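Consider the two complexes below, in which chain A is the common component and chain B and chain C are the respective partners.
For the complex of A and B:
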C-alpha cells in the first residue's frame, strides 16, 4: 500500500550539503507493521517525515525519489510530486496517514481540550457534524482504554499523566481513520509497565482496524514484539531488511549482528557487554563506500571502502547491503 | 565477599512543599518524594536503583550527596577514620561540601586562599555525580582539560599545575580519551566521548562514591555498552562504589552487585542482583521484569497487567503504595503499610505476603 523507492533526502546547510537519507527503498504491506530500527542520526525519522512531506524547507528530495501510496479509495498517489499546499496532501495528512510522536506533550495544543482537537480532525476528514464527531471521539478514547472518557474528553493534555497522554495521542491519530499509522518512538518516553500496555493496545487496534503501521524505534526488544518486518538503518541507508524473525534470529549484516550483541539482557547478569567498536561518523563525514566499513569487523580492504554495496536478496523475505554477501560483484570489481 | 559499609542511609525522608494557587491565596501541600528509605552501600560495590519516572530515584541520589536537604533521617558516610553524619553538616561547611560535588556550576572557581581546612576537606574529594545528558552537563567554553581538572581546582585539593595535568592525563587515559583531545572544546565530541569526559571529571579526585544518574540512558546501544564496560573497569581499578540509577533493567542487571526497586517514594525490594532478577519477592519487581521486551521474537512476552497508572505522589494510596495496582492486593494491603524487613540474608522487601510468593524467571544460557 505504500512503497518507497530510491528515496534520498539532502539538506543545504551552512557547512555544505548533507545527505542524511540515501537511496532508501521499502514497502509497507496492507495490515502489517514495518519496524525501522537505527541509532540516533541514522535517518529513520527524516525518511518517514518525507512520507507526509513534513520536511523543513531546505530539504530536497533527489529526482529519483519515488513515494507511491494507494489511498483508501484505491487510487495511486505519487506523494513525492504533490504540491506543498495541494488538497490531496491535506487529505493525506491525518486522513490517510496518521502520525504519533515520542513526546505527546508537544503534539497537543495546550490551549484546546483533547476532545476539541480530536473533533476538529474528525470533522475535517470524515465530514460529519459536531455531535457525531464528539461521539466518535468518545468512542475512540474508550477504545484506547482511557477510563472515565466522558470526563477526560474535556480535559487539556497537561491534566493527564504520561501514559494517558500517549493513549490520547493514539486516539487523536486514529480518530480521522487513517489507513497507515506512522509511530515515531511512541513508547520511548514511557516506563516499561506503561510501554507494555501501549504496545498491546497498538497491536489490538491494528487488528481491529486492519491498519498498516510503520514503527520507528531504537529498541530491538520492542521491534521483536510489534513488527512483522524490520528495516535496519545505518547512516541513512537500509543495511538489512526482512521478516523480523529472520533478521533478529539470523542477522546477515555485520551492523545488525553487532547491535544484537551489544544489547544487554535481563536474563544474564553482570556480563561484560560487546559494544560495536568506534563511533557513528557525523553525517557530514560520511565514509566512502559502505558507510559501516569504518566500524566493521569483517571489512574487506580495497572493496568495502571503495564502492557502496548494492542490495542483495539473501532469502525470499530478506535483503542485505553488504559486500560479504555479494560474491559476484566482488569478483567483477 | 565481605566489604565494609561505605554509606548508610537510615529512614531517609525528603518532602517538597507544593504550592497550589487558589482564587485567593494558596494551599501548601507536601509531596513526599522519598519516604522512610533505609539501605547501605558497601565499599567498591555497585547498587542499582530502578523504578519508574517520578518514583524518587533521583531524589535519593541527591539527598545522599546533600545536593538537596533531607527532611529527616540520616546519611552516614563511613570513612576509614571516623563516621560523619552528612545530614547534620550545616551552613558554610555545607556550601564548601557541595562545591566538590560538581553541582554548583554557577559559583565558578573558588579562590584557593579562601578554603578552610576543616574536616569537610576530607569529603570534598570523596563523592561525585555523573548526569544523564552529556550535552548539557559540559561547559562549552572550557577545554576538556579544564573541565576534567575543575573538581581538583574548585575543591583546592591540588594547586600545582603540573600535578593537576598529570592527574588529568592519568584519568583521561583510564577513560580511554585521546590525550590530544584535552585541548579541544566539548562541542567537537560525540555523545559517547562526552560521557567519557563526564566520567573522567567525576573520578579525577578519586572519590569513594559516585552517583550515576541515568548516565547511559541517553546513549545509543552500541555506545551504552562501551560506557557500561568502562564503568565496570574503572570500578575494578579504583575501588569506587556506584549508586547506579536507571530505568533500564537490563543495563542495571549487568552493572550491579545489588539492586533496589523503588515505587512512589518507597523501596519495594532490595536484594543481591541474582536474587532480585530470578527470585523476586515483591509483586511489583516481578511485574517490572515481565514488562521488559526481549529482542527475541520467539521469547514469551506476557507482561503482568497492572491496573491503571502510577499514583500521584501527592495523593499516594494508604497502606502499601502498590496496593491500587497489585494483582494480589487484599484489604490488609490498603489498610496497613508493609514493614521493610529482611526476609533472607541481604534480601529486603516491603510486602505483607512476600513469603507466599514464589516468582521465578528462567535463566538463559548465553
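For the complex of A and C:
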C-alpha cells in the first residue's frame, strides 16, 4: 500500500548541505507492521516525515525519490510530487496516514481540549457535523481504553497522566480513520508497564481496523513484539531488512548483530553490557564507503572504506547492505 | 472563568483604592494650596495687603481647611457615590465640566491607537515569522528598526506636512473648524474619525514596530512546536492551522503588555498633542498642577490610572481566555 523507492533527503544548512537519508527503499504491505530501528540520528524520523511531507522548507528530496501510496479508494498517489497546499495532501494527512509522536504532552496543543482537537480532525476528514464528530471521538476514546471518556473528552492534555495521554494521542491520530499509522517512538517516554499496555492496544487496534503501521523505535525488544517486517537504519541508510523473525534470529549485518548483542539478557547478568563500540558520526561527517566501517568489528580494509556496498538479497524476504555478503563484487573490485 | 473574573475584579478594586490614596497624597505634596494661589492672583498688583487671616478665610470658603483625611473621604465619596470629582477652582465650575469632553477624546485617541497597533502588528508579525529569512521578512525588520528609531513628534510633523500637502487637509486638531463647537452629530463623529487617524498612527508607530518584533519572535518559537507539526499531520489547512495553534499562544506577550502600551501612549500623548494641536487630558493636567488646582489634577490622574488598571484587567481576562492553563493556576 505504501512503497518508498530511492528516497534521499538533504538539508541546506549554514554549514553546507547534509544528507541524513540516502537511497532508502521500503514497502509497507496492507495490514502489516514495518518496524524501523536505528539509533538517534539514523534518519528514521526524517524519512517518515517525508511520507507526509512534513519536512521543513530547507529539506529537499532527490529527483530519484519516489513515494507511492494507494488510497483507501484504490487511487494511486505520488506523494513526492504533491503540491504543498494541494487538497490531496490535506486529505492524505490525517485521513489516509495518521501519525503519533514520542511526546504526547507536546503533540497536543495545551490550549484546546482533547475533544476539540479530535473533533477538528474528524470533521475535516469525515465531513460530519459537530454532534456526530463528538460521538465518534467518544467512541474512539472508549476504544483506546480511556475510562470516563465523557468527562475526559473535555479535559486538556495536561490534566491527564502520561499513559492516558498516549492513549488519547492514539485516539486522536485514529479518529479520522487513517489506513496507515506512523508511530514515531510512541512508547519511548513511557515506563515499561504502560509501554506493554500501549503496544498491546496498538496491536489490537491494528487488527480491528485493518490498518498498516510503520513503527519507529530504537528498541529491538519492541520490534520483536509488534513488527512483521523490520528495517535497520544506520546513518540514513537501511543496512538490513527482512521479516522480523529472520532478522532477529539470524542477523546478517554486523550492526544488527551488535545491536542484538547490546541487549542485556538474564543469562548474562554477570557480564558487563556489550555496547556497539564508538558513536554514530554526525551526518556532516559521514564516512566514505560503508557508513558503518568506522565502528565495524569485521571491516575489510581497502574495501569497506572505499565504496558503499550494494543491497544483496540473502533470502526471499531479507536483504543486507554489507561487503561481507557480496563476494562477487568484492572479487571483481 | 467566572471565579477568575471576580478575583481579578476584587484585585482591581483594591488597586484602585490604593491608587486613589496615592493620588490624593501626590496632590497634597506641592507646597502651598489653591487658597494661596487664589489670593496671589486676585490681589497681586492691586496694592491690597493680604494677611494670613484673609488666606485662611478663602481656605474655609473652598473647604481646604479640613484635615487631609476628611477631605480624602469627601473627595472619594463624591466620586464613587455621585460621580462628582469636586470643584475646579481655576475654572470656577465642577471638574466634570472641565474634563468631560477631553476624557472622551483622550479615550478615542487611546483606543484608535491600540486598534491600529494590534491590527497591523499581529498579522505582520505572523507573516514575518512564517516567511522567516525571506526578503519580505528582512524588509519588515528594517521597517521596524526605523519605527523604533524615529521620535514620534518628528513623525507627527512629517505626517502633518504631507497630509496637508497631498490632501490639502486641515489636519491639526481633532475637528474641522465648523464642527469644533457644534453639538454631536453623525457628521461631527465622521469629522472626528477623519482627524483621529493621524495622531493614532503617530502614537501607534513605535508600538507597531516593537510588537511586530515580539510577535515574530514568539511566533517563530511556536511554529517549531510538535503540536503544530501534529496538527499539520492531521491535515488541518495551513491558514486555519496558523491562527488556531501557534498564533493563539504567540499572541500572549502582546496581550500581556496592553497595560504597558496604554501607559506609554499616555506618556507620549502630551508631546504629540502639542505638535498636532489636540485637546486632551495631558495638557490640562500640566496646567492644573501649575495652578495647584488639585481636584482637576487628581481627577485626571485618577482617570488615567483607572484606564491603565482597567486595561490590565482586560489583558488578564484575555490571557486566561487564550490559555486555559492560566485560570487553572497550573
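Throughout what follows, the second predicted complex is superposed on the first by the 330 of 333 C-alpha atoms of A that agree within 3 Å, B and C clash if a C-alpha of one lies under 4 Å from a C-alpha of the other, contacts with A are read in each partner's own complex, and residues count from 1 in each chain.
Here is the rule we use: a residue touches a chain if its C-beta (ideal position, glycine included) is under 8 Å from a C-beta of that chain, and two chains touch if they have at least 3 such contacts.
Computed from a prediction, not measured in an experiment: that's the story for all the values here.
Engineer: Could you tell me if A:95 is touching chain B, chain C, both of them or neither one (first, second, both, neither)?
Structural biologist: A:95 contacts chain C only, not chain B.
Engineer: Once the shared chain is lined up, is A:262 touching chain B (first), chain C (second), both, or neither of them?
Structural biologist: So A:262 only meets chain B here.
Engineer: Just checking: does A:236 make contact with chain B only, chain C only, both, or neither of them? Give me first, second, both or neither.
Structural biologist: neither
Engineer: By the touch definition at the top of the document, which applies to A:176: first (chain B), second (chain C), both, or neither?
Structural biologist: Only chain C is touched by A:176; chain B is not.
Engineer: Who touches more of chain A, chain B or chain C?
Structural biologist: B
Engineer: Given the touch rule stated above, what does A:109 touch, chain B (first), chain C (second), both, or neither?
Structural biologist: The answer is second: A:109 touches chain C but not chain B.
Engineer: Applying the document's definition of touch, where does A:283 land relative to chain B and chain C: first, second, both, or neither?
Structural biologist: neither
Engineer: Where on chain A do the contacts with chain B and the contacts with chain C coincide?
Structural biologist: none
Engineer: Which positions of chain A touch chain C when the two form their complex?
Structural biologist: 52, 54, 85, 90-95, 98-99, 101, 103, 106-112, 117, 120-121, 124-125, 156, 158, 172-173, 176
Engineer: Please output the residues of chain C touching chain A within their complex, sorted ascending.
Structural biologist: 225-227, 229-238, 244-245, 248-249, 322-325, 330
Engineer: Would you mind writing out the residues of chain B in touch with chain A in their complex?
Structural biologist: Counting only chain B, the residues touching chain A are 52-53, 190-193, 220-226, 228-229, 232, 247, 249-251, 253-257, 273-274, 277, 287-299, 301, 303, 305-306, 308-310, 312, 361-364, 366.
Engineer: Can you list the chain A residues touching chain B in their complex?
Structural biologist: 39-40, 147, 161-164, 191-197, 199-200, 218-225, 244-245, 248-249, 258-260, 262-276, 279-280, 282
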